[in-house]
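Each structure below appears as C-alpha cells.
You will see chain A twice below: alongside chain B first, and alongside chain C after that.
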Partner chain A sequence: MENQVPLNKDAYIKMMKQQFNDSPDLICKTFESKHQTIIIHFVNYQVKKDYLERDLLEPLTTSRRPWSVHDLQNKIPLASSKTENSIKKITNDLIHGSVSVYIEGEPDVVLFALPNLESRALNRAETESLVFGPQISFTESLVTNLNVVRWRLDTDDLVVEKVILGERIKSEARIIYLKSLANDENVNTMRQRLTDLVVDEVEDTSVLSQLIEDSSSSVFPQLITTELPDRFCNSISKGRVGVMLDKSPTVLVGPMSFFEFFESTEDLYVRWNMGTFIRFLRFLAMFISIVLTPMYVAALTYHYEIIPASLLISLGQSRATVPFPPVIEALLLEMLIEFLREAGARLPTKVGQTMGIVGGIVLGQAAVKAGFTSNILIIVIALSALASFTAPSYLMGSAIRIIRFPMILLAGAWGLIGIVFALSFLVIHLLKQKSLGRPYLAPIYPLELRDFNDAIFRSTFQRNVKRPKYIMTKDKKRFDKTKAVEKNDVDPV
Partner chain B sequence: MKKITIIICLSLLCTGCIPKSYIEKLGIITAVGYDLVEDSKLEGTLVVFQFDPTSSNTSQIITSKAETSKGIRYQANRLTSHRLVSGQVRLALYQDKLAEKGMLKYMDTLARDAKISDLGYLAVSNVPTSELMKSNLSEDAPNIGIYLQSLIEKSIKNQMIPDSLINIFLRDVHDLGIDPVLPMLSLNDDKPYIHGLSLFQDDKYVSMLDEKDIFHLMLMRQRSEDTEFQLDLPSESLKEYYKTENSNMNDGTLHVSLNDLRNRTSFEFIDGDFTNPKVKIKMEGRLMEITKDIDLKDQAIKALEKELEKQLTDRLEQLVDKLKEKNVDPVGFGKKFNERHRKNQLTEEAWRSQIPELDVTFDIEIKLLRHGITE
Partner chain C sequence: MNANITVTKSQSVRAFYLFFIIHTIQIGAGLMGVPRILFLEAGSDAWVSILIGGLYIHFIAWIMILILREYENADILGIQCDLFGAFFGKLMGCIFIIYIFFILLSVIRNYIEVVQVFIFPEIPIWLMTLFLLFLMIYCVSGGLRVVIGTCFLFFFLTIWLVFTIYTPVTYMDWGHFLPVFQSSPLEILKGSQKMTYTVLGMEVLLFVYPYIENKKKIAVPVHLAIVLTTFLILLVTVVSIGYFSDYQLRETVWATLSLFKIVSFSIIERFDFIAVAIWMMVIIPNIVLFCWILLHSVKRMFNFQGKRSLYVIAVFLFIGSILFEYRMSVNQMTDLTAQVGFYLVFVYPLFLYLVLQVRKIWRKRRAS
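Let's turn to the complex of A and B:
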C-alpha cells in the first residue's frame, strides 16, 4: 500500500519529503544509536521548540535502552500522543503542529501534539465598543474564544458540537447552545445547514453567515455576527444557537429578529428607562436615515405645497443658486459622504482623521459657497448619515445606507408616491424574510404584544417574565413573576 | 426576470409624465386679493414668493385682470419669468364690493383645487385689496401675505375674532340656519389692521359689525375661553360703594375690564317656537381693571355683578336688533333650533323670513371670582 508507513528508513524519509513537496520547513532529525534508528519530523514554525527539546529530545537521547512504540507513549511526559500508520494522516497532523517519531522497523509512528498557535491577546472591542459594560472581544483563536465562552456560561447544560467546514481548506467550527433551552428544530436547522455546506473554504463567520442565511440576496443580515462575548453569551442564554469558527474574530447567532439588530447589550446594563430611550432613538434614527433625504428630494421636486411656510424662504433661497435638480444634488452629496466614509475606513488612522476634517468641513462649506448644493441639504445629508451610524450592528447600518440610494432615485422619479412605494416594498420584503426559518419581523408579524417588552422596549427585568415566543424555547418562562418582585427585607421600612 | 425588466423600463417611461415643479422655478403665491373693477371684471393681486440667485428680495406683487380667478393666474403668468402656482395660498382677500355679489362664485377655485389647502384664511377688506397688499408696513414678516395671515391667525388664537378658515366659511354657507362671518380688514395710515367683522347673508356680504360687538357675537356663536372684554357702566351705578366722597376720580362713566375665564352658553326655545329663543349665559370672570375708586366688599361685588349682567344684556339685545335689521343670523339660531327640534325642522325660507321676528330673551349670570388686591 502506498499510504502505509514503510519499514525502511530511507523509504520513509523520501516519502515524507514527497508528501511535503520538498518543503524546506519540514525538519527531519535522525538519531542513530547502536540498536536502532529514530527519525523525528516536524514543521519548523508549527511546534513549540522549547517543549520539544526538553520533553522529547532529551529523554530520547539520554536513554540507553532501545525505544519501542509502547515506551514512547508511556515514558515521554507529553499529554497528547497517538500512533498512526497512514502517511496522509501523519502529514495532516504535522501541518497542525505535531511531532512524529518513527522507529525503523515499526509500522506505527507516534505523534505528539505540540502546536505553536499564533494568537493575539484578548483585546477591547473595536467595532462594537460599549461605553458601559464588559470590554473584551473575541480573538481569531477558536481555543481562546471557547475558553471565554466557557468562562461566561458556567454550566454543564452548554453543548458544544464540532463541525468541520470547507472541502479544500478546512476550518473547525462549533455549534453552541443550551441543551435545556434551545429549540431542537433551530439546532437541527443550524447543524444541517453547516454540514450540508459544500464550499472550498470558509474565510470568516461573516462569509459563513452569507452562505447559510435564509435569503442570501437580501440586503438585510439575518444572523447576527458579533465580536462581543457578552452579546454572544446573552443570546445563547436566551435560547439561541451560536456558531464559532476558527480563525474568525466574530461569532454567529440565530435566529434573530429585525429589531434585535438595533439592540445593544448596553441597553441591558443601563436602567430600563434609559435603555428604552436609547432603543427608540435608534429606531427613529433608522427611519430618519431612510426617509429624510428622499423627502427633501420629493418636496423640492414635486410637492412644494407640503413645505411649511416658514421654511419656504430659506429653502427657496438656498436652492435658487443650485444648477442641478434636487435628485442630482442629493445623490452628489450622498456620494460625497460615502466617499468620505470609505476613505476614512481605508486610510491609516492618522491620515484618516485629517481626511474627515478636509472632507466634512472644507468640502461642505465650499460646496455651499460655490452654489453647488443648498446648505439645508448639507444638514439633511449629515443628519441621515449620522443616524445610519447609530445601528449597533455594522451590517445593519450599511444595509440602511444602501437602501437610501434607490429611495432617493424613486423620490426623484415619482415624489412622495415613490417613497411610499419604496417603503411598502421594504415592508413586504421584511415580512417575507426568515431567520433560521423563524419570522424575521417578529413580534410585529406574527403579532405578539408580550414580546414587545423584550424586542422593542426594554422593560424592567422583573416584568420580563416570558421568553420571546418566536425563538420557541423549550422553557417558556424565565421565572415566577410574583417571586421576582418579592423582597424579603429583614427590616422593611 | 423578464417581467422585472419590463416593469423597470415602463416605470422609467412613466416618470416622464409627471410634471416637475422645482421650487426655484416657481412663483409661489401665498396670498391673493380680489377686487371688482369696471363692468364686473376681476382684478387680482397676487403676493408671490420667487427665488432668484442674485436678488435677496424674494417677495413680489403682481396685479392682473380677468373674468375668473384662474384667469387672473393665467394672465399674471405673462408678467413673470416664474411659473405661478397656488399650492401655498394661505389667505384670500375679497373687496367688500365683490363680496356683496356673493363669495361662492369667486371662491370656487379655492374650494375645488385640491392643491389649495382648506386651512387657508378668508377675509374681507373695505378698501381695494390691491391697496392693502401694496402696503409696505408688514413689520418683520417676509411679505404682506404672511403678515396678514399671521395677523388673522393670531387674532383667532387669542379668540378676538371667530374662525375664518375656508372650510369653516364653506360649512357655514352650506349649513341651514347659520350665516358665516369673516374678519374685515382695513388700512390705517397705510398699515393693515382688523377693523371689524363682516356679516354675510348666505355668501353675500351685507354689513359690518363693529369690533366692540365681536365679543358679544362670539359669546353666543362659539365656545370661548379666557377672553378679555370691557363694559361701560352708567356713572350713577355703584355710588354707595365709593371709598371717598367727592373725589373727581369718580366722575364720568365707569369702565370695567373683565377677563372671561369660563362661560357656558345654552339655548332654549320657549314652547318650541323659533321666534322666541332664550339664551342663558353663565360666566365666570376676573376683574382686571375698574376706573373708579370702589371699596370691593362682598356687597359691592354683588352689585357690580348685577350691573354688569344688566349692561351685557343691553349690549346683546342691541346686537340682536342689529342682526335682525340686516336679516342675518351669524349666531345660528336656526341651526340651534333644528338641532333641538328634530321633528319640527325649519326650512331655509322659513328661517330667513322669521329672523326679523326674533324675540330673544337673555338670562345672564356673571360671577366675579377674583378682583385682585391694590393696597
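Let's turn to the complex of A and C:
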C-alpha cells in the first residue's frame, strides 16, 4: 500500500520528504536510544515550539523506558492526540500544525495538535462604526470569532455546524443558528447552498455571499455581511442563520429583507423614538440620494416649468456660464465625488483627509468660479452623496450610489418619464428579489403589518411581544406581555 | 380542459390583496378622461350616473362571486368549457383574449397620448411603448406573486395623488351642479354605461380567483375596491364639473390631469408634469395584470408554456401600438373595446349565472 506508514524508518523519512516536496520547513528530528528509534516531524512555523519542547521533547528524551503508541497517548501531557496510519492524513495534519511521532516498527503514528495560529487581537470596528454600543469587531481568526459569539450568545441552544468549502484550497466555515428559533427551511437552504458550492477557493465571506446569493445579477446585496459581533448575534437571536468563514473578518447573515440593510444595532441602543427617527432619516436619505440629481437634470433639461419663478432666476444666473447640458454637468460632478471617495478609500488615512479637503472644497469652489458647474448643482450633488453614506451597510450604500448613474442618464434622455421609468423598474426589481428564497421586500410585500414594528420602525421593547412573522421563527412569542410592562416597585401607591 | 386548477400554497396569495388587484386594474387610463365623457352624456348630473354605475358594478361583482363559488377552484376559462363544452368554451375564451389584448393596447396608447400632449409632444410612440413593454415583460416574467406585488406597491406609490386635488376643490363653483336633474333618465343611464370603460378590468376576479388563499373572505376586499374606485371617479368628476365651466369641460379631453395644473408646491410650480409622469405608475399595474391574464389564458387554453408566449404578446402589442398612429383611431379602438367590454364584463356574467342555475335545477330534477 502506497499510503501506509512504512515500518522502516528510512523509508518513512523519505516518504515524508516526498510528501512535502522537499520543503525546508519540514523539521525532522530523530531520537535513537538502545531500544528504539523515534522520529518527530513538524512544520517549522506551524507549531508552538515552547509547548513542543516542554511537553513532548522533554518526556521523550528523559524517559529511559521504551515508548509505545499507547504510552505516547497516555503519558504525554498534551490534550489533543490521535493515531493515524495514512501518510496523506498525516501530511494534512502536519500542515495544520500537528507534531507527528513515529516509532520504528509501529504501523501507527501519533499526532499531537499544537497549532500556532496567527491572529490579531480584537479591535474596534472600522467599516461599520457605532457611536454608542459595543465596539468590538470580528477578526480573521475563526476560533476567535467563535469565541466571541459563544460569549455573547450564552446558550446551549446555539448550533454550530461545520462545513468545508473550496475544492483546491480549503477553508472552514460554520453555520450558526439557534435550534429552537431558526426556521428549518432557512437552515436547510443555507446548508444546501454551502455544500453544493463547487469552487476552487472561497476567499472571503463577501465572496461567499456573492456565490450563494439568490440573484447574482442584482446590484442589491441579499445577505448581510457585517463585522460587528453584536449585529451578528442580534440577527441570530432573532432567528436567522449565520455563516462564518475562517480567514475572513466579516460574517454572513440571511435571510434578510431590504429594509434591514438600513437598520443599525445602534437603533436598539438609543431610545425607541430616537431610533425610529434615525431609521426614517436613512430611508429619506436613500430616496433623496436616488432622486435628487436626476430631478435636477430632468427639470433643467426639459421641464423648466416645474421650477418656481424665484428659484429659476437664480438657477439661470448660476447656469448662464456653464457650457454643458445639465446631464454632462451632473455626471462630471458625480464623477468627481466618486473619484474623491475612491481616492480617499485607497490612500492612507492621513493623506486621505487632506485629499477630501483639497478635492471637496478647492475643486468644488474652482469649478463654480470657472463657470464649469452651477452652485446649486454642487449643493444637490453633495447632498445626495452625503445621503448615500448614511446607509449602515456599506454594500447597500454602494448599490445606491451606482443606481444614480443610470438614473441621471435616463433623466437626461427622457426627463421625468425616464425617472419614473427607472423608479418603476427599481420597485419591480426589488419585488422580484429573494433572500435565501424568502421575499426581499418583506414585511411590506407580503404584507405583515405587525412586523413593521420591528423592520420599518422601532417601538418600545415592551410592546414587541411577538417575534416578527416574516422571519418565520419556530417560537412565535418573545415574552408575556403583562410581565414585561409590570414593574414591581418597592413603594406601590 | 379541467375546470378547476390545482394551486400550491406558495403560488396563492391572501384575499385582501384582491382589494389592490381589483382597484388598480380598474383605475388607469380611463380615469384621466372620465369627467368629460360623463359630462357629455349626462351633463352636470354625471354624479348620479356614477352612483348608479357604482351600484351596478357591486351587483356584477356579487354575481361574479356567486358564479365562482359554484366551483371549487375554477377560473372563467374552465367554467365556460364546463358549461358550453370544449369548443364554445374555448371560443368564448378566445373572445376574452382578444378583448383583453385590445384593452391592454388601448391603455398603453392612451397613456402615450397623454404623455405626448402634456410633456413630450415629440416623443416617438415606439419608444414609449418599448418602455412600458419592457417593464411589463420584466414584471410578468416574475409570476403572479410579483404581479400582485406590483399592484400592491404601486397603489401606495400613487394613491397620494388624490390629496393634491385639494387645491382645485377650493376653486369649485357649486352653482355648476344646479339645477339638479337637468338630464333625462336615459341620458343618465347612458352616462352610467360610459362609465364602464373606466372600471373595466373587474373581470380579473374571474381569472385570479383560483390563486386566492382564503376564498371565504373575498367579498369584502372586492366590494371595498369597487367603493374606492367609484369614489375616485365621483371625486374627479364632481371636482371637474365644479372647477371647469361647461364649455371648458367639453373641450378638455384629459380633465383629471388638467386639474393638476394649478396644484403647486413651494419647490414645484407645475405639478401636472409630475402627475402625468407618475401616472405611469398608475398604468403599470393595469398593463401587468392584463398581460398576466393574457398569458394565463393562453397557457391554460392552448398549453403554450414559458416565456415565449410573453414575448409574442409583447411583439403583438408593439406592432399594434405603432399601427394606431392617430388620435382618431385610438379613440375608435378605445370606444369599440369599451363597448365589447361592457357586454363581456357587465352583461355576460348574468347570462353565465343564469345558465349555471338552469343547469343546477335540471340536474336536481334528473337526480330525483
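By definition in this document, the second predicted complex is superposed on the first by the 492 of 493 C-alpha atoms of A that agree within 3 Å, B and C clash if a C-alpha of one lies under 4 Å from a C-alpha of the other, contacts with A are read in each partner's own complex, and residues count from 1 in each chain.
Here is the rule we go by: a contact is a pair of C-beta atoms (placed from the backbone, for glycine too) under 8 Å apart; a residue touches a chain by one contact, two chains touch by 3 or more.
These numbers were taken from a predicted model, which means no experiment stands behind them.
Of the two partner chains placed around the shared chain by superposition, chain B and chain C are both touched by A:Ala309. When the two structures are aligned on the shared chain, A:Leu194 is found in touch with neither chain B nor chain C.
Within the superposed three-chain model, A:Leu300 lies in touch with chain B and out of touch with chain C [touch as defined at top]. Once the two complexes are overlaid on the shared chain, A:Gln317 sits against chain B while remaining clear of chain C. When the shared chain is aligned, chain B comes close enough to touch A:Gly371, but chain C does not. Judged by the touch definition given at the top, the superposed model places A:Trp414 against both chain B and chain C. Among chain B and chain C, the chain that touches a larger number of residues in chain A is C.
In the superposition on chain A, contact of A:Tyr445 is made with chain C only, not with chain B. Contacts of A:Pro326 after superposition on the shared chain: chain B is touched, whereas chain C is not. Shared contact residues of chain A with chain B and chain C: 302, 305, 307, 309, 414-415. Contacts from chain A toward chain B in the complex involve residues 300-302, 304-305, 307, 309, 312-313, 315-317, 319-322, 325-326, 371, 413-415. By the touch criterion given at the top, residues 11-12, 14-15, 18, 20-24, 26, 28, 30, 49-53, 56, 58, 85, 87-88, 90, 115, 117, 142, 146, 149 of chain B touch chain A in their complex.
Of all residues in chain C, only 13-14, 16, 115, 119-120, 123, 128, 131, 134-135, 138-139, 142, 145-146, 149-150, 152-154, 157, 264, 266-271, 273-274, 276-278, 280-281, 284 touch chain A in the complex they form.
Chain contact summary for the complex, chain A toward chain C: residues 302-303, 305-309, 311, 414-417, 419-421, 423-425, 427-429, 431-432, 439, 441, 444-447.
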